[in-house]
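What follows is a pair of complexes built around chain A, which joins chain B in one and chain C in the other.
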Partner chain A sequence: MNVSLWQGIKRMFCKEFVLGLRFKAAWAAMFMFALTTLACVSLALQGGQMEPRLAAALLWVIVFFASMAGADRGFADEDTAGTLLILKLYGGAQPVLLGKMLYSFFLLLVLAVFIVLLFLVLIGVEPVFWGVFILTLVFGVAGIAAAGTLLAALATGARVKNGLFSVLMLPVILPVFLPAVYLTAGALGGSDTALNYLGGMALYDGLLIVGASVLFDYLWYED
Partner chain B sequence: MVKINFRAVEQRFYGRQIFGPLDCTLSGGRIMAVTGKNGSGKSTFLKLAGHLLPPSQGKITVVSDGRELRGEELRRHLAMVTPEMRFYDRLTARENMDFLLGMRGITLDNAVYGELLGRVGLDEQAVCHSYAGDFSTGMKQRLKMAVLLAARADIWLLDEPGANLDEAGRQMTAREVRAAADKGVLVVLATNEPGEEALADERIALAGH
Partner chain C sequence: MGAVLGGLTLIIAGLVFFVVPPAEGLGDYVRIAFFHIPVAWVAVIAFFISAWQGARYLRSGDMLADAKSAAASQLGFIFVILATVSGAIFSKLTWGAYWNWDPRQTTIFVLLLIYGAYLTLRAAMPAGVKRAKTAAVYALFSFLTVPFLVFIIPRMYFSLHPSPVINGSGLAMDSVMLAVLLAALMDMTGIFYWLYKKQVMRIMQEER
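Showing the complex of A and B:
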């Protein structure tokens, strides 16, 4: 009767995916934010060129805030719909956390691809180092997904919810955000990029996932 | 055989004493009715029994075959029916059951699924194309019973299980509760319904404060 961790994660991911397709609010909020922001910046630039560091910062600001429009919904939606109790009863802590994290990563990756494609077309920049650019995007999105899922769980358990997620998110995500901007600027401008930053981002992502995994048991089980 | 021990348990919310200090032992194979007026803490008692809420004071232990159950292991022994429990509105009955039971490693084939729906009085054809969110409250209550029966748990925490059910539904609930207790399941029944109280082997009356 024991379910393997991977089977549990897969079930959780599939449930999130099916519900996401049937109730598209999170997808719509994130994609509309990205589209609106990019359209505004593109119109303001009127064909002018943007300096790589500014373009990199703008790209990550759009990715970060677009993800904020949907990334904290994982547990908040369960809480609002009243399904948190039944999920707690039948779902183990680790499959629930990691399944939601994996779905958040998938959702943000699709969002990031959408944003990057529009960004490259509308802002008129093109990466010189595609490999660094793509890896930075993957590690950055993984960090946002890991931190977002854990903090969403923490915020759902807290009595005071208003603004808690955003307040907690900023310091936790800065170690991902700052090297991501730096590496993206390097990849766009063709300047030297400190590739050890990539290793640092991957390490921090790993720490976030392990930390979330350890902490989540205490949130999920009241004893 | 599973047992739940309450030792000097008190519960307070925002400084208001709900009940306690309370000492009692609930045993497998017995039906314990928890009664009391609204706000006396019946639903809270169930959550405390399942470690879904920590007590303000005192200790609650769940023991199976001499071993204390905690965390994930304890959850695997639990099944619950309560008005607070909701299904995923945008999943069908089958999808809800497959997901929830699948998270415990239980897979339902078509025959078992059909048999479960029959036992709780849900028409398979009527529910197969509808989302759970479109069910009537009575149908949702029957679906909760179906999940409870399929979960193979040996602790049942039931909060007004007959609520929103017609006479046939209440009879089905009474029949399943009695049958489960006869098989050794520990049943805790929070209720004020005389019919449900009559099922119980023991009774705790919460006075409220």
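Showing the complex of A and C:
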């Protein structure tokens, strides 16, 4: 079945979206993780104020680990259901990767919005520079989605469970995580932030997408 | 080769402790640098070799390239631990704290995490083509962090580290110090190469 790359990505995204709505485990795990963690922090603080730097670090730690609770399921669920082989037969490598990546980006973006809303309500901080804050969130989530999709495929192929995904993710995602904390702290505190870090994050996101696209073929096609 | 390297290491150790003068501002603590800089250099070189051999494996499917990639990572992990520990001791003696997330400490820490993740991945899979392919993909994917480690991190955080010593713009080094440091760098690179050859052979034998 010959379809254009964009058509393939769109179909893959729709499939993931429908399955995500039908089997809500990934959504539920991520959202409940975020809710529980934020509630714990808020309870511990009891209305106490947080420094922007600390608040930014906390926000990104929650975004990162909440995404870890569900981002690795993209390929693992297919493998468990036995549909991975069918996908390999009918879907090309690039539409599958990019479609899953797009869905992961969408899912994590919704999760990030949820976390930010809770964060504003429960922790009581508000960004001074909304533009920088939102762009940092988008670029940060894009990086996690790009790296997460390839590493989810890698971890599934390796048939290894129990925490390997986070071990593989952290070193690769630190170049997104560290500038994100830095920029978010600036946006929350109203201090001057080096906006070229946003460019750096976007560039690294691009690098991750291209790198994932090139390397995924080696994981997808058997010898 | 082992005997030559052993002799050279003893000579360099003698030079470091008895010939090299104390450095201005750092005193005798500078002697740690003659171990710390070479092991950190080798840790970085091993990272490049691991990624390069990973790429070679993906292109050719040659299991020797996979063994080379694995050997470089295994040794790189040991060298990066040595660099981290010696750097932390130097940091405590000169700046009063073992760890302060200085840009170079951050870089070496990311390298430590990458090596750790790569080796965990390999340890979790049975030997064979699948493991070789998966490990090579991860080695190359983690290599994407290099531009960030080189260009972004140093601009993000304040550093207490002396500037690069080889170009003479940072740590005040006289010619004796510089000569001994270059000799130590070559010696450590030689030790790595010697161990690397042995490790590659060992891995190939294990996988046969």
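To be clear about the criterion, the second predicted complex is superposed on the first by the 216 of 223 C-alpha atoms of A that agree within 3 Å, B and C clash if a C-alpha of one lies under 4 Å from a C-alpha of the other, contacts with A are read in each partner's own complex, and residues count from 1 in each chain.
Throughout what follows, a contact is a pair of C-beta atoms (placed from the backbone, for glycine too) under 8 Å apart; a residue touches a chain by one contact, two chains touch by 3 or more.
Since we're looking at a predicted model, the values are computed, not measured.
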item: Fit or clash between chain C and chain B when superposed on chain A; value: fit
item: Inter-chain angle, chain B to chain C through the CA centre of chain A, in degrees rounded to a multiple of 10; value: 100
item: Which of chain B and chain C A:Leu178 touches, first, second, both or neither; value: second
item: Partner chain(s) touched by A:Ala212 [first = chain B, second = chain C, both, neither]; value: second
item: First, second, both or neither for A:Ala93, with chain B first and chain C second; value: first
item: First (chain B), second (chain C), both or neither touched by A:Gly124; value: neither
item: Contacts of A:Gly200 with chain B and chain C, given as first, second, both or neither; value: second
item: Partner chain(s) touched by A:Leu154 [first = chain B, second = chain C, both, neither]; value: second
item: First (chain B), second (chain C), both or neither touched by A:Val18; value: first
item: Distance in angstrom between the closest Cα atoms of chain C and chain B, superposition on A; value: 8
item: Shared chain A surface residues [contacts with chain B and with chain C]; value: 223
item: Parts of chain A lying in touch with chain C, wherever the complex brings them together; value: 147, 150-151, 154, 157-160, 164, 167-168, 170-172, 174-175, 178-179, 182, 194, 197, 200, 204, 207-208, 211-212, 215, 218-219, 223
item: Touching residues on chain C, where the partner in the complex is chain A; value: 58, 61, 106, 110, 113-114, 116-117, 120-121, 124-125, 129-131, 133-134, 136-138, 140-142, 144-145, 147-149, 152-153, 155-156
item: Contact set on chain B toward chain A in their complex; value: 51-54, 70-72, 74-76, 78-80, 82, 84-91, 95, 99-106, 151-152
item: Complex interface listing, chain A residues touching chain B; value: 1-3, 7-8, 11-12, 14-15, 18-19, 22-23, 81-83, 85-86, 88-93, 95-96, 217, 221-223
